[in-house]
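All chains are identified by letter, namely A, B and C, in their written order; residue positions are counted from 1 within each chain.
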Amino acid sequence: MGLEKVGAMPRWLVMTIVVILMAIPLIHPLGILPAISESTTDFYNAIDQLKPGDVVLFDIGFGSGGYPTLGPAAVAILRHCFSKDLKIVIMATQQEGTVIYPLLMDKVKPEEVYGAKYGEDYVFLGFITGVQTAMAAVLGDLHSATPKDYFGTPIENIPMLADIKGADDIDVVVYLTTAGEVAEGWVYQAYSRYNKVTCGGWLSMMTPSLKPYYDTGALAGMLDGIRGAAEYEKLIGQPGDAMKTTDVLNLTQVWVLILVILGNIAYFAVRGKEGS
Amino acid sequence: MYKREIPLLITFLSGVVAVLEYYFPTDATKNAFTVLKNWGIIIGAFALGFGAVNLFIVYGRRIRKAPSIVDRAFSAWLLFLLVVVAAVGVALTSASDQYRWIYNSIYLPLGATMYASLCFYMTAGAYKVLRARTLDSTLLLITAFLVILGNTPLSAAIWRGFFTWRMWIFDVIVSGAYRGIRIGVGIGSIVLGIRTLLGMETGYLGRR
Amino acid sequence: MVWLIPEGKLTPFITLILMWIITLISIYYGKKGKFSVRRIPGLDKIEEAVGRAVEMGRPIFDIIGMGSFTSIYAPQTVAGLSVLGYVSKLCAEKGAKLIAPQAAVDVMPVAVEIVRQSYAEAGKLDELDVDEQLPYLSGTQFAWASGIIGMAARLKPAANVMIGPFWAESMMFAETFARVGAYQVAGTARLYQLPFFAAVADYVLIGEEIFAADAYLTKDPIKIGSLFSQDVYKLVAIVLSVIGALLSTAGVTIIVDLLKK
């Protein structure tokens, strides 16, 4: 086969190899641990330095599309929070967040693993419409923003919320999202307006655009896609779905690199032939 | 007049209320803006019905007229599912086990699959596009190569320098360029907003 | 009144007032024909794209994204609609079949009205089938994306114009249309998606270029005047950034403090 034919590798072959490379680590995890970035360590430290009873506001800002990437990150962060006996106020700025919540709780198992109680240690406010309006409402006056929790219990009947009324009672704001509006919204509403310690996580492709907020200190920590989630799993010492997915990332990205090299070899081979 | 002047006046007044609420957040401005937003939600709900009607018209027509039986079957299947999901959601609410089953068993895997399929698009795109054709594309190729290397945990585990290079590219090159574009986008949006409030931008009214 | 402005919003408010004044002055001079716009190759190529569709006897897609009028992406949606107006006008005049699938229910009636108006002006309203040419696919991201991917694979369009806000579906669209051999002009002000468009599309409108589309395409001196003010603000932003960086390096935070007021 001439070198130039490498550049015309059929699409089905390229894709089949991608599928095989994706399947291998799911069947047999490679267990390559990622190098931990500073931004993930900062995220971890922002939670880790809290004392039992401190309050974390946790926003599920993603739906089914973001679940494979951000679900593992959410599970790792929630596990970290529950292990430290923090009070967690969970909300959703994306409509699908309400269906993601039970999926996360099925994995975290707060009652069984951490002995936490709904209403005393954590609460789910459900989806609050309006993105930034919702954020501003919850931070401004949580009790007015949502008179009932997701399951219909009046807020005044939820013991842990008796002392949590707004931004002043919240220690750290954490969000995971696929939406740029949510990612930037929390910076404006929680950090700029109330100077709260704010940590965000999102898809890798959003990082170049959002990293300036971390660089300037507006975000205390950030999780960079599935890679960040795997780093967080490593930090809390509980390898999970993110680690497995990172293996997929390892193999497929190496394949992309090989393809790029092959494509260029073929391109220069063709050009060389045309030149001669 | 009702097709141009009145809509422009509504746009102007709504815009002024939104600006006032942002800069002068008093009870009066907040209440006025809340009323406006609620109107928006109600109109949006009506518009949702418009979308559903369009789906029924288009796919109803395909059920009757599509030449292939497969097309007809898929069109019927789409409308059937639309009715089922809407009925379950309205009758039993989205918190019900039934609705959640539909979401967890059908919608979630489909959404995740579509999202994951991006991997194929990106692989194919990278293979085809990242070639050293010109100076620009060579720079893009080198940058992409370094970023992928740094982004792959395996290579960063072999030599941390790959990771450091990626971070340098992000911190210096990408951040600088993105901030420039971001400022331009912000300014462009504001000027478009001013033009809209002044009634000079009428594309959104459905006539040019 | 000024005392009602909360902390951190005084400078933005004064800046906004100044921007209104400068924009109005620019529009005044624009009316006198003092300004012209530099070439934006991406927009110039739209006419070529429509011509290609006519020659090949295949449809042309115009996708404005799934942004609504009530989100922060509304300006991009408005820009997309302006381009849709131009594309539909060209399609009606030249006889190309336009396909513009819709995702936002509040934007759809407007898009329909724009296209209908273009066909009416060309006296070809009878050639427009709104339900088939502007179908509502879905308001959910990947349902809408898979709908368009399917349509592109079946109809094999000659060209695709994508201007507006786009999310993760951008790469799917760009790659699918490239695969079916469509000539592509793409533009967005969503920074996350720009690299995908830049890599795959034939012509790209970067960031604020999409907001200039309406002025550029209509050559309306008033709109072109307002574009001049945009350049003035950019110049001010550059000067402030440079001076601010130099002063901050020297430990003087006067500009940062001023912007925070």
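The working rule: a contact is a pair of C-beta atoms (placed from the backbone, for glycine too) under 8 Å apart; a residue touches a chain by one contact, two chains touch by 3 or more.
The structure presented is a predicted model; accordingly, all values stated were derived computationally and were not measured.
The interface with the greater count of contacting C-beta pairs, when A-C is set against B-C, is B-C. Distance from per-chain Cα centroids to the pooled protein Cα centroid is smallest for B. Here the spacing of subunit A and subunit B, counted between their Cα centres, is 19 Å. Averaging C-alpha coordinates per chain places the centre of subunit A 30 Å away from that of subunit C. In terms of their C-alpha centroids, the spacing between subunit B and subunit C amounts to 14 Å.
Counting partners per residue, subunit C has 141-142, 168, 191 as the residues that reach two or more other chains. Residue positions of subunit A touching 2 or more other chains: 64-65, 208-209. Shown for subunit B are the residues in touch with two or more other chains, namely 37, 110-111, 114-115, 122, 124, 128, 130, 178, 182.
The touching residues of subunit C, counted against subunit A in their complex, run 8, 71-73, 141-142, 167-168, 190-192, 195.
For subunit A in complex with subunit B, the touching residues are 9, 11, 14-15, 18, 22, 32-35, 37, 63-69, 98-99, 102-103, 129-130, 133, 150-151, 204, 207-209, 211-212, 215, 227, 230, 246, 249-250, 252-257, 259-260, 262-264, 267-268. Residues of subunit B that touch subunit C in their complex: 19, 22-26, 37, 40, 43-44, 47-48, 50-51, 54-55, 57-58, 61, 110-111, 114-115, 117-118, 121-122, 124-125, 128-130, 140, 178, 181-185, 187-196, 198, 200-201, 203-208. Residues of subunit B that touch subunit A in their complex: 37, 41, 94-95, 100, 103-104, 107-112, 114-116, 119-120, 122-124, 126-128, 130-133, 141, 144-145, 148-149, 151-157, 160, 163, 167, 170-171, 174-175, 178-179, 182. Interface residues of subunit C facing subunit B in the complex, by the touch rule stated above, are 1, 4-6, 9, 12-13, 16, 19-20, 23-24, 27, 68-70, 75, 77-79, 81-82, 85, 89, 102, 105-106, 108-110, 112-114, 117-118, 131-132, 135-136, 139-142, 145-146, 168, 171-172, 174-176, 178-179, 189, 191, 194, 196, 199-200, 206-208, 210-212, 214, 218, 222-223, 226-227, 229-230, 233-234, 237.
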